[in-house]
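Note that the chains take the letters A, B, C and D in the order they are written out, and that residue 1 is the start of every chain.
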C-alpha cells in the first residue's frame, strides 16, 4: 500500500472525470468512449498545446463535441491546469500527455483522485501498477494510479508473456517485427506523416532504440540475456490505425508445439479482450476500432511465428485506459468497450 | 515586342539551367525531368525555405540527387539568390516559387535569361505570355518570360476553351467541379494534410473564392456575365496526385451534340499532350505520372458533362513548364516528356 | 391502408428479426448494429450468394460472429429461403438484396411480418412508404413495408428537398456532383475495385444514366422540366466509405440568401441525424461510421453550392434501415445509432 | 554449353521482341519500358487470359497502347500461341506467365529465340541461368534462356548473399520479414484484394510455406541447416507497389560490425542498381517506380538488422527482366532503366 494505491474500492457510481491531452488522437478516442460510459460525468477536457485543427483560429476554444462526435454536451477544451482540474471537482483523471507533463500531474493531483496515465512516465516503476489487465487485473482494481501500457508493448506482451511465463520458449534472441499505422506517431505535424509522403510508403525506424523495447522486456518477464538480446523493430504503415506484430520465437528443448495453444488458452480463455485464433493469423481489419487484441501462430519444428493485432488507439491506448477505469471504478470490465 | 519577349530564336543547344523552389513537389518533379533532358545542363538548384526533409538536419545542404533520383550529379541545393544564379551563369531559370518571390526574380534577372514562372504572379498580365501551348504555342516560342498555368486552370481550360471559342456552348452559368490530390496543396505541413486526417476524407474548399477561377475565366475567353457567373469548386482527394475536373455546360440554341467532338478534334487533333477520348470519360490512373490531359464527355439534350484529367505535378506544373522550355529553347515539344 | 401498412402500432418489445443479404457490406453493417440493439433478437442471417470471404471454403457455413464482430451468439449464415425465415419465426425482416430478390421476399412473406427493403425495388411505388424519416416519419411509423432510400439519394434529398419544398430555388437545371467510397459499389469482385486499380484513382461513371437520379427527382419533389433537367454525376473515390455530394442551385428570383438557412433549420432543427452546418462545409471524416448526414452551403448572388456528407453504409443504408426499424417498432429513433 | 545457352554474343541491334502475359501487372510494366528501348521492336503482345479490363468487352482486342501508355504503335494484344509468335518473327521473348505456361513456351520456341522467363518454372534448374545480375552477370551475358528471380527473392538476396558469401554471418536461423504491396499478388480478382478489404489492412500469409523461401535459400547459398532453418514471412501492405524486407542476422563469432559494410561495398560498389545506404534504412518511396534495390543496416553487438527495398514490378520483375535483356542482347545494362 503506497500513495499510488487506493484506500478502498468504490461501488458503481458516476465519477466526475477529466481528460488532459484531449486534442490528441488518444485523447479524442477516449472522449468519444467516455461520452457513452454510464459511469462517467465529463467535467473537464484540457490541452497543453494549440488546438490541432486546420480551420480553428488559435484563440477559439475547441468544443469537445468537435473532438468527439459522440459527446453532445457543451464543454469546451481548456488549457491544462492542475488547479482548474481540482476546481472542476474531478475524481478520476486520464493523462494523455507527454511523460514530463504526466509526472507533474500525477505528483500534483490530490491523493483522492484516481489516475490512468497513458504516457510512459510510470511504466518502469515498482510502486505504480502497470495497467495491462491480462496480467495485473487484481492490482489494477486496488490501484489509485495506473500506468497504461504502450501500444506496441500491448501487442508484444500479448504474444510473449504467456509463453515466457510457462517457460516453453527460449528467453533469449526473441524478435518482434511490428508494423503500425500513422496515428501511433501522434497528431503533431511531421514531414514524413504528410499524406503525400506516407501514402505509398513503408519504413522501419528506431531499430534497437525504441523506448517500447525495454518496456516489453520488463513486463514480459525477460531478464538478463533475454532482455539484452530482445530485438524490437517498429515500422510505419500507410494506414491510419492498427498494429500488426510478428514475433519470431524458438520452443525450448523438448517442448511440443501443442504447448503454445495450451499456454495461450490458459492465459486468455477468460479474457474479454484477447481472442486466441490458433493457426488463423490475425489481420488489422479484424481488430480496428475494437478493444480486441487477437493472437495467432504457426509452428515449424522448434520455430514459432506468433502474430498479434490490435488497434493502437483502442486496445493500444484509450480502450485499455477505459478498461483500467472500469477495473479501478468497479464497473464491469467491458463497459463502454463493445 | 517587350522585355518579356525574346530577341531571336535559339537553336538546339544545351542551356545552363537553374531551378528556384527546388525542394517543393513541383520543383522535385521538374528536377527529375531536367536531369534526363538532352538540352539541359543543371547549374543551380535553389530553395528559399528550409529543406523539407524529415531526417535532414536544417544545416545540411540537400543533395539534388536526394530530391530527384534521376539526377546523378553532385549539385546541392543552395539558398535562393538572384546574384548567385547569375554567378552560376544560368541562361534559363524555372521559378517554382510563391508569387511575391517570382516577381522579385523576374524583375531581378538580366534580360538575357529566359524564364518559366510556375507561380500565379504573371497570369493576368497582357505583356507576359500565358504558357498554355494548346492555345499560345507561337507566342511561347517567341517569349523570354512565360507564365505557366495553374494546375486546375489547365484542366478546366482544356475542357472549356475549344467550346467557348467555337461559340457552341452558353457562356454563362458554366460550372467546374474539380477534385485534386494532396500534392496540389504543396509540401508545407498542414493539419488537414496529415496522413491520418486525409486518409479517408474528401472535402470541398475555397468555394467561390479560389484564385484559379478568374484565371480560368480569363484564359478560356469568358467575359462579362460569363466570367461573373462561372462557378469553380475545388475538392481535396485522398490521393497524392491527379486532378479530375467535371464540367457542366449547356449547348447553345440550335447546336448539335456532334459539334462538341468537332470542336475538340479541331483544337487538339494535332496536340501531343491532349487526348480526346469521346464518350469514354478519363480517369486519374490514365494520366498520372504523364504529361497528358485527357478529355471525354457525355451529352443529353442540351446538357453537356465534360471530364478532364491530368497529373497536377506534370501537365499541371512541371511537365507543362518543360513543354514551354522546349518551345522557348527550340527543342521538339515532347523532349523529356514521354 | 393497404397490405404494405401495419394493422396497429407495436409497443417496445424484442422482435424476432432476420437479415437477408447478410454477407454484403450493408448486411454486415446492419448485423453489427442489430447485435447491440435492445429490441432485436436475431433469429436468421441468410445469404443468396457464396460467402464473400477469401479464406472460407464455399461449403463452410459463415458464422455471423465473423461477419459482425459485435455479435457474440452462435448463429451461422444460411441460404436465403422464405420458408426457412418463416420457420425461424421472424417478425421483422431486413432485405439487403438485389431488387428482384427483394420483390420475391416482400411478396412471399406473410402479412404479419414487417419489412425494410434496402434494394431499389419499391422506391417508385405509391403504395409503399419511402423510408426517409426526415420527410416521411409518420407514414413510416404506420408502415408494414418500408423502402429504404439509396445512399446517393439520401445525400441529395437532404440537400434538395427543404429548398424545393419552400420554393426558394429554381426547380430546373439542378446539378448534383457526388463522390462515393468503394463500398457503395458492393463486395462483388470487379477489376476497377481491385486495390491496385483504385488506390490512386478517381472517375465519373453512369453520367445521365444512374438509377438514383430518378429516385432523387421523385422524392425531392421535382416535376416535369425539373426532373427532366436534373443532372446527377456519381464519382468513385479511393476510399472505403462515405459520400460527399456537391449541389449547384440557383435562388428563385427575389429570394434572399438567408432563406437557405431558414429552410434547412425549419426542416432539420428537430432531426436527430441531420446536422445543419451553415457555411462550414461538411467533410467525410465528420460523418464516417455515424448515422449523421451533414449539410453546409455557400452563396454568391443567386448561386448556391450545397454540400452534404454521409456514410454510405450507415445513413446511406444500414443505419437508416435501423432508424426505420425504430420508427416501425416503436423504439426511440436513435436506439442503436449513437 | 546447353540448349539454354547462347551460340554467340550478339552486337547491338534492334531485336524483334514478343511479350507473353502482356495484360498482367509485370507485363504492362515491361511493355511500357520496352516501348522506349532503342534495341526493341515490339512484334507481339500476347495474353492467355481474358483482358483484365473493367470496361472492355471480352471480345474486343486490347490495344497495347491501352496497356502501356508509352507505346504509341498500333499493335493489339492477341491470344497466346507459340506458332503465332514464331510467325511474328520474334527473336527475343519475355514470358510473364504462370510456371506451367512458361515451361510450354520455353520448350516450344526454337533454339534461336532468346527468352527471359519471369515465372518460377526454371529457378531451381542447374542448366538454366538464374537472372540476378548482381551475382550471375557473366552467365547471363552468355545465356539463351534466363530465369528471372522472384520479387521477394531479389529483395532478400540483395541483403543476404554478400554476407553469406563472405562468411561473416551465421548461416542458420536467418529470418526475413517482408512486406509487399498488392500488385505482387497479381491482377486476378480476389476478395482480400478488393479495395474495401485491403484499404486499412495488413496481414501475414504463407508463413513457412511461401515458394520464394527455397528460392532465396538456394541462390543465397544457404545449405543444410541454414536452408532448413531459414524463415521467410511475407506480409500484404495496403499499397500498390513496393517490397520492404527486414532481415534478422547474427554476426559470426569474432566478426566486427565493419565487415558488413565491407561486404556490401565489395559486392555492390560497381552495381548500377544496388544502392548501399549504410545505417540510413531504405524506404519504399526511395525506390518505387525505379530499378534500384536499396540496402541499409543497423548493428547491436552481434545482432544485425538489414533492410532492403525495391519496386516489386521493376527490380522485382519487369525492370530486372529488361536488365537481363540488356546483358543478353549486348546493350549497356541500364538502357531503358533510368
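One rule holds in what follows: a contact is a pair of C-beta atoms (placed from the backbone, for glycine too) under 8 Å apart; a residue touches a chain by one contact, two chains touch by 3 or more.
Quick caveat: nothing in here was measured; it's all calculated off a predicted structure.
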| item | value |
| --- | --- |
| Greatest separation from subunit D - chain, by CA centre | C |
| Which of B-C and C-D has more C-beta pairs touching across its chains | B-C |
| Distance from subunit D to subunit C - Cα centre to Cα centre, in angstrom | 46 |
| Subunit B and subunit C, separation of their C-alpha mean positions in angstrom | 41 |
| Of all residues in subunit D, the ones touching two or more other chains | 55, 181, 197, 200, 238-240 |
| For the subunit C and subunit B complex, residues of the former touching the latter | 175, 177, 179, 181, 197, 200-205, 207-208, 229, 231, 233, 235, 237-242, 244, 246, 248, 281-285, 288, 298, 300, 303, 305, 307 |
| Residues of subunit A that touch subunit C when the two form their complex | 36, 55, 69-70, 200, 280, 286, 289-290, 292, 338 |
| Sites on subunit C touched by subunit D in the complex | 25, 52-55, 181-183, 187, 189-200, 238-240 |
